[in-house]
Amino acid sequence: MPADTANTGYRGVWVFIEQVGGEVAPVSWELLGAGRQLADALGVELAGVLLGQGVAGLVTEAWAYGADKVYLVEDPVLGPYRTAPYARALVQLVKEYKPEILLLGATSLGRDLSGAVATSLGTGLTADCTSLTIDPETRLLEQTRPAFGGNVMATILCRRHRPQMATVRPRVMPMPSRQEDRRGELVRVDMAFNEAEARAEVIEIIEEKNKAIYLDRAEIIVAGGRGVGSKENFRLLEELAGVLGGTLGASRAAVEAGWLPPEYQVGQTGTTVRPKVYFAIGISGAIQHLVGMQGADVIVAVNNDPQAPIFKIATYGIVGDFREVVPALTAEFHRQLAPGPG
Amino acid sequence: MLQMVVCVKQVPDTAEVRIDPRTNTLVRAGVPAIINPFDAHAVEAAVRLKEKYGGRVTALSMGPLQAEEVLRRALGMGADRAILLTDRAFAGSDTLATSYILARAIEALSRETPVDLVFCGKQAIDGDTAQVGPGIATRLGFTQLTYCMAIDAVDLEQGYIQVQRKLEGKREIIRGRLPALLTVVKDLNELSYLSLPALIRAALATITTWNKDNLDLDPAQIGLKGSPTSVRRIFAPPARPGGEIIPGEPRAAAATLVARLVQMKIIADK
Amino acid sequence: MALRFEVVIVGAGPAGLAAAITLARAGVEVIIFERGEHPGSKNVMGGVLYRHPTETIVPRFYQEAPLERPVVEQRLWLLTDEAALTLGYKSMTFAGEPYNAFTVLRARFDRWLAEQAVAAGALLINETVVEDLLWEKDRVVGVRAGRAEGDVRAEVVILAEGANSLLTQKAGLKKDGINTNQLAVAVKEIIALPREKIEDRFNLEEGQGCTIELLGDATKGMMGTAFIYTNKDSLSVGVGVLLSSLVRRRLNPNDLLEHLKSHPMVRRLLTGGESKEYQGHLIPEGGYRAIPKLYGNGVLVAGDAAMLVNGIHREGSNLAMTSGLLAAKTILAAREKGDYSAANLAPYREMLAESFVLQDLQKYQRAPFFFDQNPHFFTLYPQLLSRAAREFLTVDNVPKGEKQKRIWREITAERSRIQLAGDLYHFWRVMG
């Protein structure tokens, strides 16, 4: 285990760039955005770590999103993701190049990997951070995350161990803009792998055909809760979503009632979303729901209870029965968005 | 014969934990404690494997004495024995220290009979970290298979397990070498309703407790001392600046709102 | 083969647990079935818990049980739509030992009481509904729990299943179906509020508690009462009315609660509070005349299932505990003889008759019927009293003698002298 003084000589901010089949998880770019600010605050370098097979083409992308440097490890064993070789590669890089901060997306892959890596390194790991800042005095990473089902927020420090590791959920940090011609440094690291150390073989990956998988990237979400009352009533929401080109979403209560499949659930145990507009229809606004959608630019709430907590955070609220309000909204959007004579 | 260990955690029913706005501390008193919901599915999975392949299921929990209750629940669900790791010195353990203690306990069990499979929940609903499972797997050197939604096959002879993992919008079918650690999601199974005799057996069973002296532990790796992370501060979630209620009858209110959104160019022409 | 215990108890409320503790301490093999996730998880009460009967079962329980506040003051409010006539009694002798009553949250208290039963040796099985009784000829010989291999044989079964007493009906001790004249529906909300605010608003010393019962407009004039009780850092606010009057007025209990919460005298007590829980429950209010047969061959009924509730004094848990205790004593005596036939269980009713339980209920035996037939006691009289008070207290240069005459004129315009005399007479007979 690292001693208390283990943090000396660690420098720089790293972001793990998650790719599957050559496709980068957008959260990795979001993290480069967040990492840029941390690196600037510390006056250090921002680096991306790219593991895989045949992924060198992604290096320029990482530069474009703000990485000063990219560590690249390529090997056939790193083709399909398996925990053991990925964890070993990342651990080895950390031990060699000593970053002070290591960020990963809180995706299933990122969580799978970060837990293994932090354990091997014997360092702290904070999951699902919603805010990352630097304490200018101590240069420590302040990792803020919801705890106890979102009822409280906690700021967590990793004082003496390095790197300070954190995961961040997709869509919590804003996507940075892409700088087309930005270039950086490439550090290609050679490591030897053998297939046996993977301990596992991926047999097949099956795409689940479901629109809701795009929920976290949707720009407009029309979400319904228990107040919608029935599966049939969701038709009204679907019509509104239709006219706006948006996606449906749901509270846990609506999912538990079986009105929409679990993939549509927004919130603490569902997806975190960050759309431009979030319509909350018949949703009371329990904290577990709010933590998943309060990053929306605009929140519109429709609820017949003027005391519903959702109104406290909604940009705009309409008090009324959604069965009247939602069709009226649909009709109005139809009218006002229709290409008029002018 | 499969030797299986299931890690179960007692968690507060999170919906009811509040923060005291004056002292900024957690109000946990009187909040009912439950078995971490994912862990219940982990127990169910192990018990079903036992029914199919034969073997033994040990439920393992680290926590205060009251955590006995979740172990009883595991016994009621069909676990064969239960061990509670409880010691003052364990208090304040973060995920790194917790996975260390649990892994040491599993190693101790392995010295009796080698353990083939360890089960954890996908995450504990109080911390939502999903770190303890991977931590244990890493320490034991077991194959790590997270987010399992189905167990297709176990082959003791060939020494592998095939599972389906639930990923974002995807399902991965993967075959891993035994011994392995699985973390499970709720899709894996439906909890079965226990028979009365099973429930009575569980209520009457004795639960073994182990303290730090029963395990071969490095004192620097447990409790607060063994936990690299520390909480600087906890606070109530910030409120988003409150909203504006658009007055009027549904139709009029809708018209005002739509005009507002269109004007702000938030919703534009398709 | 069915499992076997000496005694099966259905329901881990105050009645069932009092019986279980008493029996287990005497070395009897007891199993208690509770349908809720834990004892108390499904139970609702205002809840004022009385010290005396509880202490009979667990001496000095107040030193360790999860209690909210000792009750030092009881208030009665007669509401009209905009006013309240109030009456109260506060005494600091209630603030210390031996205490009189405490507010409790049943979810915590019942769980604690159940722990005492388990510590005494009783076996508690949660999340299990007893669905039926097992019979041999005309004898109850056990129960069928709603789980695989759920039959349990027993020498004797105690039914402590609460107000919704399906098994008591199945045992043939009570008529089938719901009598809307004998059941009240109650709803209750727990509203979180910081301690200091509670102590401020209710004029209490630190840690002390008070209760308010509300009549009149609090129930929209229906037969029933509303209540506000102070817990440590929450208020229990609820209203209970007779099912028949709800049906008659086509109201639902939730509307009543909202009505109460928005009353100008009540609203202020609750402002800033956060609603944490909402519960509904039945209260058996049939009184003495509705009490079922209390025992049969191999079976006894206790608590709410036996309709042992004193609605007028909002007592229930104490009657439940006392009846549970007496049921257990009856069983211990029958056990000596090894005979649990009805004849040997008959002393149960005799002991209840000698205790306050049946004596109190007998005293008010006419009340349920009387108030149901004379709803003006809940509508007209609060109005009249309130108007009289306003008239009398308004200083407007009218001589007091003239005011008295005015008041009397107003009253007699609504109710003739003869009617008034009759009301007074009947009220006295029913309550006195």
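Remarks
Residue numbering begins at 1 within each chain, and the chains themselves are lettered A, B and C in the order written.
Simple rule for what comes next: contacts are C-beta pairs under 8 Å (C-beta built on N, C-alpha and C of every residue); 3 or more make two chains touch, one makes a residue touch a chain.
Values in this document were obtained by computation on a predicted structure and should not be read as measured data.
If each chain is drawn as a node and touching chains are joined, the picture is a simple open line. Just count the C-beta contacts per chain pair and the biggest one is A-B. The central chain of the assembly on a C-alpha centroid basis is B. If you average the CA atoms of chain A and of chain C, the two centres end up 52 Å from each other.
Taking each chain's centre as the mean of its C-alpha atoms, chain A lies 21 Å from chain B.
Chain C has its Cα centroid 40 Å from the Cα centroid of chain B.
Of all residues in chain A, none touches 2 or more other chains.
Contact of a single residue of chain B with at least two other chains is seen at positions 18. Within the complex formed with chain B, the residues of chain A that make contact are 1, 82-84, 87, 107-109, 111-112, 114-116, 118-120, 122-128, 142, 146-161, 199-208, 210, 213, 220, 244-245, 263, 268-269, 276-277, 286-288, 290-291, 294, 297-301, 306, 311-321, 324-325, 328-329, 331-333, 336-337, 339.
Residues 12, 14-15, 17-19, 26, 94-96, 99, 125-135, 137-139, 143-147, 162, 165-177, 218, 220-221, 227-240, 242-246, 249-251, 253-255, 257-262, 264, 266-270 of chain B touch chain A in their complex. Within the complex, the chain B residues that touch chain C are 16, 18, 22, 30, 32, 193-197, 199-200, 203-204. Listed in rising order, the residues of chain C touching chain B in the complex are 3, 31, 38, 41, 66, 105, 107-108, 123-125, 128, 145, 147-150, 152, 192, 194, 276.
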